[in-house]
Structure formats: C-alpha cells, structure tokens
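Order of writing sets the chain letters: A, B, C and D. Residues in each chain are counted from 1.
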Amino acid sequence: MTNYFLHILVSGEIIALFAMGLQLEIGETGLYNFGHVAFFGIGAYASSLLSLAGLPFLVSLGLALLITGGVTWLIGIPILRLRGDYFGLAMLGFGEITRKIFLNEAWLTKGPMGLPGIPRPSLFGFDIHTLPRFAVFYGILVILVYLMIRHIVRSPLGRVFTAIRDDELSASAIGKNTYGFRKVCLITGALAAGLAGALWAHYITFISPSDFTLNETILALLIIVLGGNWGITGALVSSFFVIGFQEGLRFLPFPDTFGRYIAPVQQMIFGLILVLLVLNRPGNLIKERPASASD
Amino acid sequence: MTIFFQSLLDGLIAGSIYALFAAGLTLVYGTLHFINFAHGELIMAGAFLAYLFMMPPLLLSPLLSGIFAVTGVVLLALLMDKTVFSRLRNANPLLLLIASLGLSLLLQNLAQVLWGAKIRAFPFPLQRGKVFGPVVITSVQITILWVAALTIFLLYLFLKFSRIGKAVRGVADNPVLAKTFGVESEKIIRIVWVVAAILAAVGGILVAADTNLEPHMGIVNLVRAFAAVLIGGAGNVWGALIGGFIIGLSENLGVLLLPIGYKDAIAFFIIILILLFRPEGLFGTRWGVR
Amino acid sequence: MVKKFVMFVTVICVALFFAGVSHAGVVKIGAVQPLSGNLAVYGQGFKMAIDLATAEINAKGGINGKKLEIVYEDGKGTAKDSVAAVRKLIDINKVPLILGPAASTNFLAVAPICENAHVVLIGAESASPAITKAGAYVFRVFPSDKLQGKGVAELVEKLGYKKVPVLYINNDWGKGLKDVFVANFTKKGGKVLAEIPYDQGKTDYRAQLLQIKRFNPKAAVALVYVKDGAVIFKQAYELGIKTQWIAGSAAKSGKLVKLAGKAVEGLTGTYPAFSNTSPAYKAFAAAWKKKYGDKKIGIFAEYNYDMVHLVARALAKGGATPDGIRKALYKVSKGYVGVTGDKTFDSNGDVGSAYGVWSVKDGKIISKR
Amino acid sequence: MLRIEGVSKHFGGVWALKDCSLDTKQWPVVGLIGPNGSGKTTLFHTITGFYRADRGKVLFQEKEIQGLPVHTIALRGIGRTFQLSRIFESLSLLDNLLISRKTVAGENILSLFFRGGQIRSDERTAREKALTYLNLVGLANKRDQKAGELSYGQRKLLELTRILMLDPDLILLDEPAAGINPTLITKLLSVIQQLKAQGKRFLIIEHNMDVVIRLCDWVYVLDAGTPIAAGPPEKIKNDPVVLEAYFGK
C-alpha cells in the first residue's frame, strides 16, 4: 500500500519541480513558454546518456543541468526577442522540434527504442533505490527548489519579473534590460524542468521520446492555472492535487466498457477546467491588457 | 525529377487547403488579437460532420453532406464565441489563448469519446490516380483543387466587393481602424467567425478527402495555418493565402532536403525563422509599440 | 468550484477504502492493458482473450480450487501511466504476477520495477530484442523480433529480390524490426535502397511513399501496423506505385484488407507461425466463437490466451508467490504446446517460434507455414 | 541638453515625423504642443529608443543616442512617462519606486544567494529615498497598497516619482495634466516647480495651455511631424500659424 502512495508522491514531486519552473516563467514573469517540456526532455536525456556512459549520478546530473542551461541560453538569444503569444508559439515549435530530434537522431538517443537501464541515483556511495529513499531525496530537492524560487520571487529580482509581467515596455523605460531579465527567468525555469526530467529518468530508469509531448506542458499549465493566486506555493500544492486526481480516477468503479473513455474524458475535464478558470479570471495569473502606447 | 514534380503537385494541393485555414485564422487573429487554438477543432469538426452525413444511416451525397457540415461548424464557432470568447472581449490576449487551448482540448477529446481515436476515410471508391506526364493525380484531388479555388474566389469577391467584407478586412488588417467602427464591431466579429468557420470547415472536408480524418487532426493543421498566417503578416488575408501555399510547398519539397522524420516539424521551423527575421511577416506591415 | 473538488476528493477516498478489501478463496493476478489511449483498440481484444482463458480455467476448478481473478489496470498506452498502474498492482493489490502492457516501450519501462519488486512480469505482444535481457522475473510468450527480422529477410531473399527500400513505423517495434532486417538482409548480400521512417497515427504518408517511388523498386518492405498500413497502401495505390509489398506480422489482419481493399491485393509478409489446424487452435477458435459470437479474433489474442493458461499452470504448481511462479513457469512451459505452438521458455524467459508466410489473395488472408 | 536634428520617421507610407529639428538649449522646461497626430508621442518614442528614426540624429548631452536600447537610454539620464500612465499594477507603491533605480544590488541572481546582507542594506537606503518622494507627492500613506488600486491622477503622480528615483537629467512628460482633476493638477505643477528649482530639466507634451503657460520657458509647436513655430509660451499662444494648425485650415 505505502509503496504505491510513495510512487504517487514521487511522481508529484517531479511534476511539482516541472510546474514550479513554468510558474516562474508564466505566472511570475509572463513568459508564455508552451515548450517547457523540451527542457524536461533535455535534462532527462542528458543525464541518462551521461550516466549510461559511466559517469557518477551527481556528475551527470550536474552536467545535465549545465547542458539544459546552455541550450536555453542559446535558444534564448533569438527566441527571447519575441513577446507574448509569438514567444509562446516559437517555444511550442522548439518543444516539438526537440521531440523530433529525440526521435530521429537515433545515433545519440536510440530514437524510438528509448534508453533502458538508466542507473538509479547514488550519493557518495549511498544508493537511492527504494521508494522511501526516492521520496525523501526528491522531496528534499523539491523543498530546496521551492525555497530558492520563492526567495527569487520575493527578492528585488522577483520584483523585476513582476514588473516585466505587468508592463515590459515600462520596465525598459526605467532602465531594466528586460531581455537579460527574461533570459535569467527562462534559464532558471528551464533548470527546474531539467532537474525534474533528470530525476524522472533516474527514477523510472527508462525514457523514450513519447514521454515528452505537448501533453506534459499542458498538464503543467493546468497546474499553474489551478494554483492561480497563490504563486509558487499554489503551483507546488496543485501539482500534488492534479497527480492525485489523475491517479484517483483509477479507483472509481467505472464499468469495463467505459475504460477506453477515461483518458479522453480526463483531457476533456482538463480543457473544461482551463476554460472555466479563465472565465472566472484567475486573479494575478495574467494581467488585464495594459493600455497600449497609442500614437 | 519525377519526385520533384509530384511533390510540387502535392504541395499545391496541400497548400490550397492550408490557404483556406490560414485565411480564416488570420481574420480571427486580426480582429480579436489572439491565437485561436480551437480553430483546429473547427477544421476537425468540418471533416467529422461531413463524414457522419455521408456514412450510414444518412448516406447523403458529398455535396449535401458538405453543406450541412459547414452549417454545423458555423454554429459551433458562433457558440464558442457566445459562451467563451465574447465574455473576454477586453481581456489580455493570453487569457483568450489559454481559453482557446482549453476549448481545443475539450473538443478534440469529445470527438474521441464520441467516435474513437481511429483513422477514418470518406467512403470514396479507391482509384488509381490518373497519370499526366511525370505526375499522378486522383479524381478526388482534382475536385479538391477546384473547390479550393472556388472558395478562395468567393472569399475574394466577398472581401473585395461587399460593404461588410471590406469592413471585415479593414478591421482585421488594421487594429486602429477597429475603433472607428465602434458599435458595429460586434457585428463584424460575428461575420468574422462565420467566414472563418466556413473556411475551416471547407478546408477540413477537403483535407479529409485528400488524406483521412481523426479526432486530433486539428492541431497539426492549426500549426501549418499559423505558420502561413505569420508569413502573410497577422491580419493580412491575401498574405495568409500565399502563406498557405508556401507552407504546403515547403513541407512537400522540404523532405527532399531534410530527413523525412522532420516533415511535421517543417512548419515549426518556418514559424521560428519568420518570427526571428521578420516578426511582421513577409507581407505584413505592423506598426505601433506592441 | 472548491466545493466540487472537495466532493470529488471524498469520492476518491471512499473508493480507495473499498478497493483495498480482498476476498478469500481467490487468486489474484494483475494485468496492465491499454484500455484507453491510442492503443485502446488493441487493448479490448487482448482483454477479451484473457477473459476467455480465465473463464475456462475457472470452469475447470480454478487454481487448486480457488478462483483466478484478473485485476485490470489501464496503462493508457503510455510509459508513465503503465508505471503507475504496475506500482498500484504491486503495492495495493499485492499481486504476485502481472500480465504486462503492450508496446515494448511501455513493457521496458515497467520491467525494472517488477524486477526490483520481485514480481513476475509476463508479456504477450512485446517483441523488442531488449526485453530478452530485462531480468529474471520477466517473461514473454511472444517471440523476439530477432527472429522475425530474420524471417522477413529470408522471405525477401526467397522471393528473389535483391534491392528493396524499407518503410517502417518509427517506434520501438518498427525500428527494432527494421534494424534486424537490415542487418540480416545485407549479410545475405541484399541491398537496402533507403530506410524511411514514418510517424504513427498520421493521415498523410505520400511524402514517404514518394521516396519509395523514386527507386521504382520491384519490391518494398513495409513494417507497418494495421491502421497506418491501410492508409499507406491506399495512398501508394493512388500514387500508382506498383511494387510487391512485403510486411511484418503486425499488419496481418482481416481489418487491413477491409480498410484498404484492393490496394493490399498481393501483399505478403511473415508472421510467427502457428498452425490454425492444430487441435489446440480449433478448440480456441470454438471457445471464442461460443463466448463472443461473430466477433473477430483480435490481433495477438492467441498469445494472450496461451499466456493465461501457462500462468494458471504455474500458479497451480508453484503457488501464488512470485518466486514460486517464476520457478514453476520454466517447468510447466517445458514442452507445453499451446495455440501458438511450443512455449518452452529459454533461460532468458523467451520463447522460440517458427515463421510462416501470409499473403492477401482475392481479398482474403492466406497463411502458409 | 537634448538636440534633435532632422529626424524623420514613417509608418506604412505616412510620415509621422518629417525633418524634425529642435533643441532644448538652456531652458529648464520646454513644452511640446501641436494638434492630435502631429507626431509628439512618436518623437518621445524616438528619443527614448522605442522607435528608430529613418533619418536624422538625436543628441543627448552632445552624444548620439539613436540605436541604443531603451533601457540604456533611460540609464543615461532620460526619464519618461507615458500618455496613459504605465505603472506596475501588481507591485506596491513602494516597490514601484524601489525597482526604479540605476543599480539595484538584489537584481543579480547570484548575489541573491550569496550577498543577502548587502542587498538588505541597499534596499533600506533606497526605501528612505522612496519614502521622501512619496511624501513629496502625498502618497506615502498608501505605500503598501498595490499600485493598481490608485486613481488615474494618482497613477500619474506615481509614474512621475518613479522616474525621479532614477535621478534623470531630463524628464519627458507625455500629457501629465490630461484627465486629472484640478486639485491634482495644482499638486503636479508644484512638484514640477520644486524639481525645476532643484535643477531638473523637462520636455513636456501638453494640451492644456494654462499648464503650458505656467510651466514652460520655451515652446515648440509640432504639426504633421515638423516644428512650425517656437518661442516663449505667451507669444506662441497668439501666433497665427499655431492657431491655424489647431483650428483648421
């Protein structure tokens, strides 16, 4: 019994890391990153490939984060010139292209075969191989990341992020290099997602390109929209809520013939929730349209 | 060489359909200023409704099924506007974007619940294509080409010569102009939905006739349509039409250069390239501090 | 809004409570099947075969007098959900054995969990060569693609074709099979003109087909599933590609002929052969007809059926503990001839298989051993 | 201080600015008037780097600033407000000011985790300065409210104080008095007068001639993107060219 709940807990912890990254980007700074899953995938593949090549867990994790950050830095150069929905769309494209690369560059990623046998984490000789250890170790990381992001959000830096979300033009008019700040935000969010991806890979020990679809981004989007007014804490809490909800459906006594409807019905519910939350205005998730500079 | 001409033809057929999607999407984007993810589901709905009318028990003719399907999609679009988008007229475009994403999820999965995930085909008899020199074309594809051409021609007449059509194009093309229409703007928005829905439904039926249909066909076509919109410049109908052809051609010719596994990513590549080098689109003129 | 969620959570908690209650006199095993998602069409068929075998076993007195019960969980056809489903079966239902999820990626994702938890995992339709090494608790009654890839290469050679392009579905099954085929075919001196991947579930494959048309080949290998295959062969027909198509086992289905009609006339391919005239097969077909009427026997149904019967024997012999089952599986499988032939497990938990040839003639599938 | 030489800018075939030249010279407060659509705001956008002129030079303290990013121009010492005031609505009034500084220690992500003490003292110092300015415009009692809760006129005052936090040499105000009540206008004028006394320089777009006359030392009149007249406010007020530009041809 406990192991199953621990598994849900670990899944929730991983999704929480992923969603908190997106909350920092969308919720705090207004960066509509519809390709967040790409960073999840890059972190997962990088850490898996490195540790399969024989590097110790901590080294591959560290390098994976470095790679995730580096890739974000690079793609940020062109894509961060875009704003609002255009940025979102370009990131959506980036996410899809990344998945295609995982799928097609089989020399590196083994393509659709996926990567089996990813080593479990081990810290200085202490093996993380049982569920309680996973739950505790990942839990500590979640708390750390949560505290760090909360620290950022409440700091002068977070103040700039909020300013950019409220009115980017105005922020640049008071001397803020908004491109630079958005980049810092995107990289930080990407690192959280990359960490989540790497932890997911070392936990499940098998990854394949089909794990990194738009659906994961939409799930995180739903989580942060649900988290609404409560910022990063909201994202953390609603991650566990949404994962619990998904798993909870397993226990409802649906008739057998209904089985094949569960997945689409669940997606329908997600869609409906998004629409309803938007219609009822999710507080400070998104500001109303700012008055435009008119001529 | 054969493969080049065949790809060119396939690109033209696909392009003529994408042009329809893009023209509708750009009108909505120009008028309401948000990326309507649910536009893909209008496309899907067109294809599915036509399919349902053609199959037992109704067994209507393709033409009649098409007309009913288009009507159905127009009603669906107006319903979406009434229940969701009209309540967000002055909201941040990103809120509308998320709402349309939610609608899209809702509708495509509803379709899956109702009809299952499997790939379906219109009940047309299987035929060898006709050979014209280096290219092969089926009779269905010939029909597709002239239906698309006719639709584009009618759209041209509407936007160019009718009073309301001119107003629609004006508003879509120039946001500042929208203010001068004042009270009339709600009416114009409704017309835009009707036109966009017709274009999406006709295109959806054609794309299903050319290939096949399934509940999640919307998103792929939406991405292509949006790439075309960007080529044309947001709100520019003629640009979007040309953009549709460019996307159709580059997808089909691009695989001669790129590994074939990246075919579906080509539209994304184009989107990113255009956004980077000419955010206002190849034919677009956008002004004002956004 | 909040109120509704609270209610929902309550409902889930209540359901949770009752889910834990178990009955005496019952032997429970788990099954993770794609009951929803894009593999759901197949999942229903697997489930019907499993149910049929279970009903037969229980009619004959069950497992040493106890009823055999299958706890189904939905893997939704994805690795993530299959993992969650397996976790639940192991930890909440505490089953000693799990009938594994379809598609090798999902099977491979859950294999290490079962291996670590010391729970037996057995599959009926996963063909990836990687599964051979997946662990001591992992079995399958379906032959590895190593064998089938070789079979396709032999067939192409036997038909006298020296140069072929390969079109394959870009997933674990397609690529795995393609790799084995290419290796074997080139070893025999054949030449692979092009390796063309395609994505599952698309509506348009003409760009891929044009790449084949370019070579104007006498024959082409198409490692496709039923649904994608139907689209591909129809579009090839429309494009005027006249070639001898050679497929793998996954396309062998009456449904393909129904969907693609004359476009697949003459199509041929290999399949893990088992006789459909054997007494075991006839008995199976009769039982199916009795339980399900005119519903067609689903793809891989025979393997699922054999799997459950094997498992029941192992449960009876070794008891309902993972280690008991694991040891017993080797013993009961030795020389066991089921509907799908000899199911003797080798030390890796794999079975062997003969390969037959199937082809479409006059709108019917003809199988030859 | 600010010299504009032959600046032209066109949008889709329409010239918003055409060969526009003006110079603030030694005058502390320069007014910029002209009918709607005469290119005043476009000129502001061009000076502050939102637009890049097609032709011409923008010299600030004798250095070309065309082509510099918006934020660099702001840091060089040109502060501006917007026609419809743009404040950070979900930040408190105090935060609206604290954020608006040339260097903020706590905006570097690394020092955030390693130099907490330095950041805290930096914020404390700035807080005092911010409170002084809030007192100046009479908004100190609302310092912890969200800026989004302010009235229209209060937003304008906040936007002005936000600029002041940057210690700019030149302040560009886009219709500071439009749409606010007479009491607040008086308040605004006295604040600007005080700042003028402290040596700040202003370039102000304004339609309210009373305000222009009371504030400005020199006025440029823009029409169709070109200056058509210049002079002291009293003289400009009755200039026939100006009247024609405003009241029709």
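Rule of thumb we're sticking to: a residue touches a chain if its C-beta (ideal position, glycine included) is under 8 Å from a C-beta of that chain, and two chains touch if they have at least 3 such contacts.
If you're wondering where the values come from, they're calculated on a predicted model, not measured in any experiment.
Each chain's centre was taken as the mean of its CA atoms, and the one lying most distant from subunit A is D.
Nearest to the global CA centroid, when each chain is reduced to the mean of its CA atoms, is chain A.
Between the chain pairs B-C and A-B, more C-beta pairs are in contact across A-B. In terms of their C-alpha centroids, the spacing between subunit A and subunit D amounts to 40 Å.
The distance from the centre of subunit B to the centre of subunit D, with each centre set as the mean of the Cα atoms, comes to 45 Å.
Note on chain placement: the centre of subunit A and the centre of subunit B lie 31 Å apart, centres being C-alpha means.
For subunit A, residues touching at least two other chains, in rising order: 103-104, 169, 260-261, 264, 287, 293-295. Residue positions of subunit C touching 2 or more other chains: 37, 40, 170, 197, 199. Counting partners per residue, subunit D has 45, 50 as the residues that reach two or more other chains. Contact residues of subunit A toward subunit B in the complex are 30, 32, 78-79, 81-86, 88-90, 92-94, 96-97, 100, 103-104, 169, 214, 218, 221, 225, 260-261, 264-265, 267-268, 270-275, 278-279, 281, 286-289, 292-295. Looking at the complex, you find that subunit C touches subunit A at residues 1, 5, 8-9, 11-12, 15-16, 19-20, 35-37, 40, 43-44, 47, 72-74, 76, 78-80, 83-85, 87-88, 90-92, 105, 108-109, 111-112, 116-117, 128, 130, 134, 170-172, 174-176, 197, 199. Contacts from subunit B toward subunit C in the complex involve residues 2-3, 6-7, 10, 116-119, 121, 126-129, 131, 136, 138, 207-208, 210-214, 216-217, 220, 251-252, 255, 260-261, 263-264.
Interface residues of subunit D facing subunit A in the complex, by the touch rule stated above, are 16, 37, 41-42, 45, 48, 50, 69-72, 74-75, 79-80, 82-84, 86-91, 95, 98-100, 102, 104-109, 112-113, 119, 123, 162-163, 166. Of all the residues in subunit A, the ones that touch subunit C in their complex are 1-5, 7-8, 11, 103-104, 106, 111-114, 116-117, 129, 204-208, 210-211, 241, 244-245, 247-253, 256, 259-264, 276, 280.
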